[in-house]
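We just call them A, B, C, D and E in the order they show up, numbering each chain from 1.
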Amino acid sequence: MLPYIAKRLMVMVIMLFLIATMIFLMFRTMPGDPTASMVDPSIPREARQALLERYGLHESLWTQYQIFMKDLVRLDFGNSFFYNRPVLRVIGSRMPATLILMLSAMLVAYLAGVLGGAWMAWHRGSPLESVGVTFSLIFRSAPTFWIGLMAIMVFSVMLGWFPAQGMRSTGYTGDTFFEIFVNRDFLRHLILPSIVAGLYFLATPLLIMRNSMLEVMSEDYIEMARAKGLPERRILYHHAARNALLPVVTAGALFIGAAIGGQVLIEVVFSWPGLGREIVQAVTRSDYPLAQGIFIIISAIMMFMNLVADVVYAFLDPRITYR
Amino acid sequence: MKMLTRHINKQSSLYVFLSNLKQDKLALFGVVLLMAFVFVGVFSEQLAPHGPRDRHYHEEGGIRRLESPSWDHPFGTTDVGRDIFSQVILGTRTALMVGFLAALLVTIVGSVIGIIAGYFGGWIDSLLMRVVDFFYAIPFIPFVIVLAAVLQPSIWNIILAVSLLSWRTVARIVRSQVLSIAQRPYIKAARVAGAGHLRIMVRYILPNVIPLVLLEMAFMVNWAIMAEASVSFLGFGDPRVTSWGQILHINFISGYSRQAWWWTIPPGMAIVFLLLSIFFVARSLEAVVDPRLRKR
Amino acid sequence: MSATPMISIANLSKHYPLRRGIKDIFRQDHQVVRAVDDVSLDIAPGEILGLAGESGSGKTTTGEIIVRLQEVTSGEITVDGHPLEASSRKDRKRFRREVQMIFQDPYETLNPRFTVFETIAEPLRIHGLKDKQEIARRVSECLTIAGLKPAEHYLDRFPHEMSGGQRQRVAIARGIVLRPKVLIADEPVSMLDVSIRADILNLLKRLRDEMGLTMIYVSHDLATIKYLCDRIAVMYLGKIVEIGKAEDVIAHPQHPYTQVLVSSVPVADPDYQREEVTVDDAVPDQINLPEGCRFTPRCPYAQPECLSCGHRLIERRDGQQSACMFSPQELRPRTIVQETAGSKG
Amino acid sequence: MLDVQNLSVEYKIQGGVLRAVEDVSFTLKRAESLGIVGESGCGKSTIAKALLQLLPKNGRISAGHVLFDGEDLVGKNPEEMRKMRQKRIALVSQSAMNSLNPVYTVGTQIIEAIRTHSRMTEKEAFARAVEVFSMVGLEEKRLKSFPHQLSGGMKQRAIIAMALSLEPDIIIADEPTTALDVVVQGRILQRIQKIHKEISSSMIFITHDISVVSEVCETIMVMYGGRVMEIADTNSFFRAPYHPYSLGLQNAFPSITEIGQEELVAIPGSPPNLSEPQQGCRFHVRCPFATERCSLEEPPLEEVKENHYSACWYTDKVESFRREAKKRDTWESVRARIEEQILQEETSEEMKGAGI
Amino acid sequence: DIADEDMGAPVPNLVVLSSLPEANRVNYEMAQELAEELAKIGVTLEARPTDFSVLLDVLYGEDMDYDAYTIGWSGRVERLDPDMFIHSINHSDNAVAGGNNTCRFSNSEFDILADAQRQEMDVEARREIVWRAQRILAEEVPRITLYSRANVQTYDKTRFTNMVNMSGEGLFNEWSPLVMEPLSQDHTVPVVASNINITNLNPFAARSVYDWRNLRLIYDKLVRLSPQVEPEPWAATGWEIVEDTVVDVTIRSGMSFHDGEPVTVDDVVWSYQTWMDLPDSYFASFTNPIESVEARDANTVRFVLNAPYAPFITTTLTQIPIVPKHIWQNVGDVTQYENAHPVGSGPFSFVRFRPGEELVTERFADYFFPVNIDGYIFKIYASPEGVLSDLELKNVDVISYDLIPAHINQIKSNEGGRFSHLELTEAPDIGFFYIGLNNNRPPFNNVDFRRALTYLVDYDYALDVLLEGYGSRGGGGLVINAANKFWHNPEVPIYDTYDPEKARELLAEAGFTWDSTGRLRMPR
């Protein structure tokens, strides 16, 4: 197992360098140099040139690339043009917000999806099954930002149940992770966005679980479990669901990766101070180091989650051994 | 006379799909709805009563600003007096175009690569799969945004971006299907009979992956439409093209998203219904691809 | 076996590499599955040879190599005097015409999207026959030979509209439409119902008699082999352990493995008293093969000498060769200690 | 001990019902072993499932009774039935390869079965599992293996062990060796025979291979198209079968023991399509001796000899049947008949087509 | 009628680079309108929405390859001084690549006036010059001003009072935080909403007005512009214009930084000197006129200018922040310092900053000016829509950006009394938005064409429909609008009506012709 993980990590590193190269090139071919959005137009031309030099943007592409790669090897993404501080710290300060929102959304989606999917497969053909499928597909069909706007309108503004914007109440003090993220105020802010995002995700675990359950239920060992005289519930949860869960788990890990990048919309609608919003801004302002950094980090997370998916799968399914 | 008693291939995907429709009311609903959307999309120019940018005035001369739905303007008007109904109608074409073009590109590229990788195996497979892995590690929305920034916002760039990042899924799924098909005895029999690689891929493997590819294509259509809407909403869309995402974007930045429900709801609902109809159709297709899912 | 053999196999080996990972590319000692290991065989024209053996013993692989579905690792195969390695396009086409194969699973052997006509016409088209009437004629002819009469009734059918036996007949019709010289049948009846099997077996027999086909019949079912084949070659873990006339091999098995195999076949006769030969029922790991005779770990008669057995076929009876170092009379109870065989963990 | 009376099972399928099993009756005495043989799709597994009330959702017992120790299992409530399974009637299923849940160890699964039906502690259950494992010749350490770590034969033995674990009254083995190799199959059959002799359970052994039955079972029941064609003492059956179908089967079977091969003769045609309504004897289409009557009236299962029942109108003519059946031409005539019929159908189909 | 081939060259196909709708919807729409109007008179003009940074790249790039564009100048307080809008954006010296005269307007008569107003220290005389310059611009129409936006903002009147509303600045200006008064003792820290992120706390690296709005409350300045936009001595107690190019400034005594260190002349000199040494700083254009700065004694700083520079007091001294030398002299490259915890001598001291969320400050107790609030929280939202929600939920007290018309209307209409607690404030803006014309390229090099073009712009549509009335009308060449009462020449603009017929007439008079396909051709 360990050598396998090591090997995968190695491949990951190579991939990351390729991705870094790609993203580097994309940014350099982007029209509009970063100074355009950095300085006020009324500032003299020489000033802009000086800025370019300060950020090393006057060098040849190849030199810039070499510097970029050298820094990358040392896990140094450089300084954000705009924040004037190390990219890693900017990312670090944003990452928890994004992760927590996403994980809680996944939790919502997975709890509802897995239980619902199992239930639906077991009660195949009941009207509630169609309702469940349709329900999850409606939310998969609706843009999250649109649902988000509606949700704010109804639950925050009209009913006043949840705060509409942001991650915590204004002026909330607290500096450590625990002070910031583990309290009622934060949870109240989390509920609406995570449910909206969760509803969008819901269809994936729900339908995979349902299909996978249907598949598992036609397996011989389920019939065998019946023949053993096991109670239905035990068959459902201990034998069928346990096995049906395998593809759901894999899909889940992959999904986390995909979700990080897709969080942007929720973050915009709910003013959630996450990484997604940051990358949008970084791109529009040509903050190369920051945008590159976020991009690479998200890629790394996605690849890592891929690996996690495979490892978790191996843990859940004794048939799989990695060498 | 022989022709009249021709056997129908009851295993053919189309047959299974159609006979499935009889039972699956949701799928039937999806097909009908989708056909309606396609109709609206094709004839959008004829169906839209007004141009997307036409301003409408009262008889007294005032602009018909933010009017709630009326007979003249079934979905009301925007803050500068434009007809939302016409915009939604015209947006249908954009959505379908983006969806189908992107999906077509994706499925063609994805299935060609998937078939080649799965059929030939070996180092070709390994190489192609590494390429697929590479694209799997690229976050979607950030990539589209960067690409839109690099190439300037345009509907074609969104199609390109969606295609660039989505063929990987199709390739992977097609490949694993091809891997199993390639081991079927009838493929072996064809090889024994002397069929070349191309003939096998085109005549034997392709027809077998087509239902699956269609299914993936349906998901890709949805994915592309959703992507266009999302990207437009974030302001990276093509402002010159009337699309649902663009309508919602203007609605959002105009600041009336809350007040003018007739402006917010129709484009959103259009997205929901179009995607839903395709999902329903896809579900029915899924039953074709995976017989276990069929209702008895 | 006086005439020049139709098929001649010399020192054939097929090793499947075990694909592990990137770093293994740089390793020299590739681990392999020795699916077929140094097998030599001659088959006379018009002969039917039965390939018997347990699952995984390399029967299918041998068959597939002969029809070139697989590349050989080493060894030579000559069909009708033409070596298999012939690489010109024309030679390959000719080869494809001459050697055909029939597969086990009647439900999978036909393309579900082709009608019977398309299925059988396909090889003709591949080999460049364009004349529609000629194609139609030959298709009907083959169907009739394969016992699907009246042929017209079946032409437009799809596979799922036919029973397993009928499908297998269509597969055979497809196999003979190019008028091959060699036909390889890989367990063509094992998935068919007993009441239908006989028909297919008889059909194969007739093909040999009427068309002069040379055949390799692959099966784990000794009874059908005995019924159909002139000779039997028994394989064990990629090696031929015994070969000889069908009746002789079954009546007087020389190799301990053949003895086990024969004694395991259930017999539909309540009075029949079998000789019990007990043997461990687990096949050893295909990758880490035992030293010497591959049957040693399970063999009830294994002796220390067996560990250095060279797998040489020794003529024990007239035309019957066995790879065991001992003749049946020399067999003594096992003396080497059993290492646990067959743990696949 | 087990008395099955006029059992019929239907499956609901698209566009109608499929009568998989019709009017099947048999009895099973304590410690008896009964072999059920028949072609694929003739309803063997359906009987097994019906006995255990394990039919899929679309299947139901449409008539008949299953008396087990005098109690009717049909219509028993699901909970009572559930308690019955494994403890009193155990199933060894067709595919050992897939009958074990891949994510739990074999031991866990056996212990689960034991503890569901008894008050044993984990320890006691484990001890019991070890005991049954040794009965089937598996080492104790195999309890800790996952199914994929065992060979096919070992898995099959583990399942047999599981069936034995609660000393059920009846063991139903549904094609327990079909997926296995000849050598392995031989070994397992030996084991089953041995165990069956040791313990006093009754056994129903389902297979498509007549020769297997001859080795393992005392009684044989031949099924065709959902009906019982012949039930007999194994010896009596193999010496002198009564039913034309059985005669045909004998011809169709290659044997390794016979010296000098007679030509095999298959039974032409194919089994009836059970989803269509049937009339007369199920076998009449393929029967060389069929008469008008056979195609109209269903022959009852009648005792022809002590412990030998056959469902044929012409059991009295069996001697001549036996002689005729040996001949190839007898069966070839059936083939000609069937082909002719096909031709007729075709013409009428075409006429229909032309009429449109 | 003349044959096509005898006519002048056809008017080339044109492209107007417009804003993206999300950046500036009015500009976007107006560019589209212009395209439609021009199509009617036989000119093909494509309105191409362009990303802002791309647009700047094109406008300030080497190639100067563009026909027309839409953009705007924001009305910052220091732009009340006419220098920026007269000289910087219109003088032919700046019509080079990278220069601010992106219309490439070149007129020698105008250039003389633009230079003269710079050096005229007498205000009345300067006004005369500025007025004349404005008239030339209005006649020559180098650009067409579309509209100016009104700064409509809002605050919670039930919680705070005594807000100051400033032209070009709105409510969150330099004064409101200093003078506003809480109405209850429970809520003394106002929440200021922004829809734009703060990125930087380092004054030397700050690059946008958005960074500055907070830094100028944390860091102090020698002079502040009063609500009436008069220079008012602040950290300085006064100044003396010794010569045209020499100014002495006296520093207030007894001031200290937030860390307790006293503010000295050294800090002032060091701050100015450092800024002067940074050619690319935000304030470069203000520090450029300074030749040298030195401490004369413990209380006086002397500035020597390289030429007489009229706006020195109102812009330079009011802008440059005073930073603590004891902190900054050790940081190396000042522009690269993160300055995570800014220490200034301004009225508010820094408490914490969470990027993307909020910046929290508190009142600096030792400040010489009495402040009524206990600090403020600057809260960042992802969209104005979000701010509106929180305004309604009373989570926001003051907003720091101009409300979009839709939100003004919603607050005004106050449905269900949801916004009763809000007070709307309005101030005219001195900035303006315009369609820039590349005066170097046909047809825009033709002044008649430019004038005709002014008749094709529907100024009222922009103001009444798109802006819903919250703003003021534009017109050809208008750069200093009526909101800048002192400097605005009331006789301009001259061409400011929408009249397509008139445009046709003007073009015909000027010798433009239409060929058989209806396409407009230049005069021969």
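Annotations
Here, a contact is a pair of C-beta atoms (placed from the backbone, for glycine too) under 8 Å apart; a residue touches a chain by one contact, two chains touch by 3 or more.
Chain by chain, the UniProt names read as follows: A, B = Peptide/nickel transport system permease protein; C, D = Peptide/nickel transport system ATP-binding protein.
Note that the structure is a prediction, hence the values are computed from the model and not measured.
The set of chains touching chain A and also touching chain C is given as B, D. Comparing the centres of all chains, each the average of its CA atoms, the largest separation from chain C belongs to E.
Comparing the chain pairs A-E and B-C, the larger number of C-beta pairs in contact belongs to A-E. Centroid distances built from C-alpha atoms place E farthest away from chain D. For the pair chain B and chain E, the distance between C-alpha centroids works out to 45 Å. Per-chain Cα centroids separate chain A from chain D by 54 Å. Remark: chain B and chain D have CA centroids separated by 51 Å (rounded to whole angstrom).
Annotation: 88 Å between the Cα-based centres of chain C and chain E.
Contacts with at least two other chains are made by no residue of chain C. For chain B, residues that reach two or more other chains under the stated contact definition are 2, 5, 149, 152, 252, 257-258. Residues of chain D found to touch two or more other chains are absent. The touching residues of chain D, counted against chain A in their complex, run 52, 54, 57, 82-87, 90-91, 93-95, 98-103, 112-113, 116-117, 146, 148, 159, 162. Across the interface of their complex, chain C is touched by residues 2, 5-7, 9-12, 184-186, 188-195, 199, 204, 207-208 of chain B. Chain contact summary for the complex, chain A toward chain D: residues 124, 219-221, 223-231, 234, 239, 242-243, 316-319.
Put simply, chain B touches chain A in their complex at residues 26, 133-134, 136-143, 145-147, 149-150, 152, 222, 226, 229-230, 233-234, 245, 248, 252, 257-258, 264, 268, 271-276, 279-280, 283, 286, 290, 292-293, 295. Across the interface of their complex, chain B is touched by residues 11, 15-16, 18-19, 23, 26-27, 29-31, 125, 130, 133-134, 137-138, 140-146, 149-150, 153, 157, 211, 214-215, 218, 257-258, 260-262, 264-265, 268, 276, 279-280, 283-284, 291, 294-295, 298-300, 302-303, 306 of chain A.
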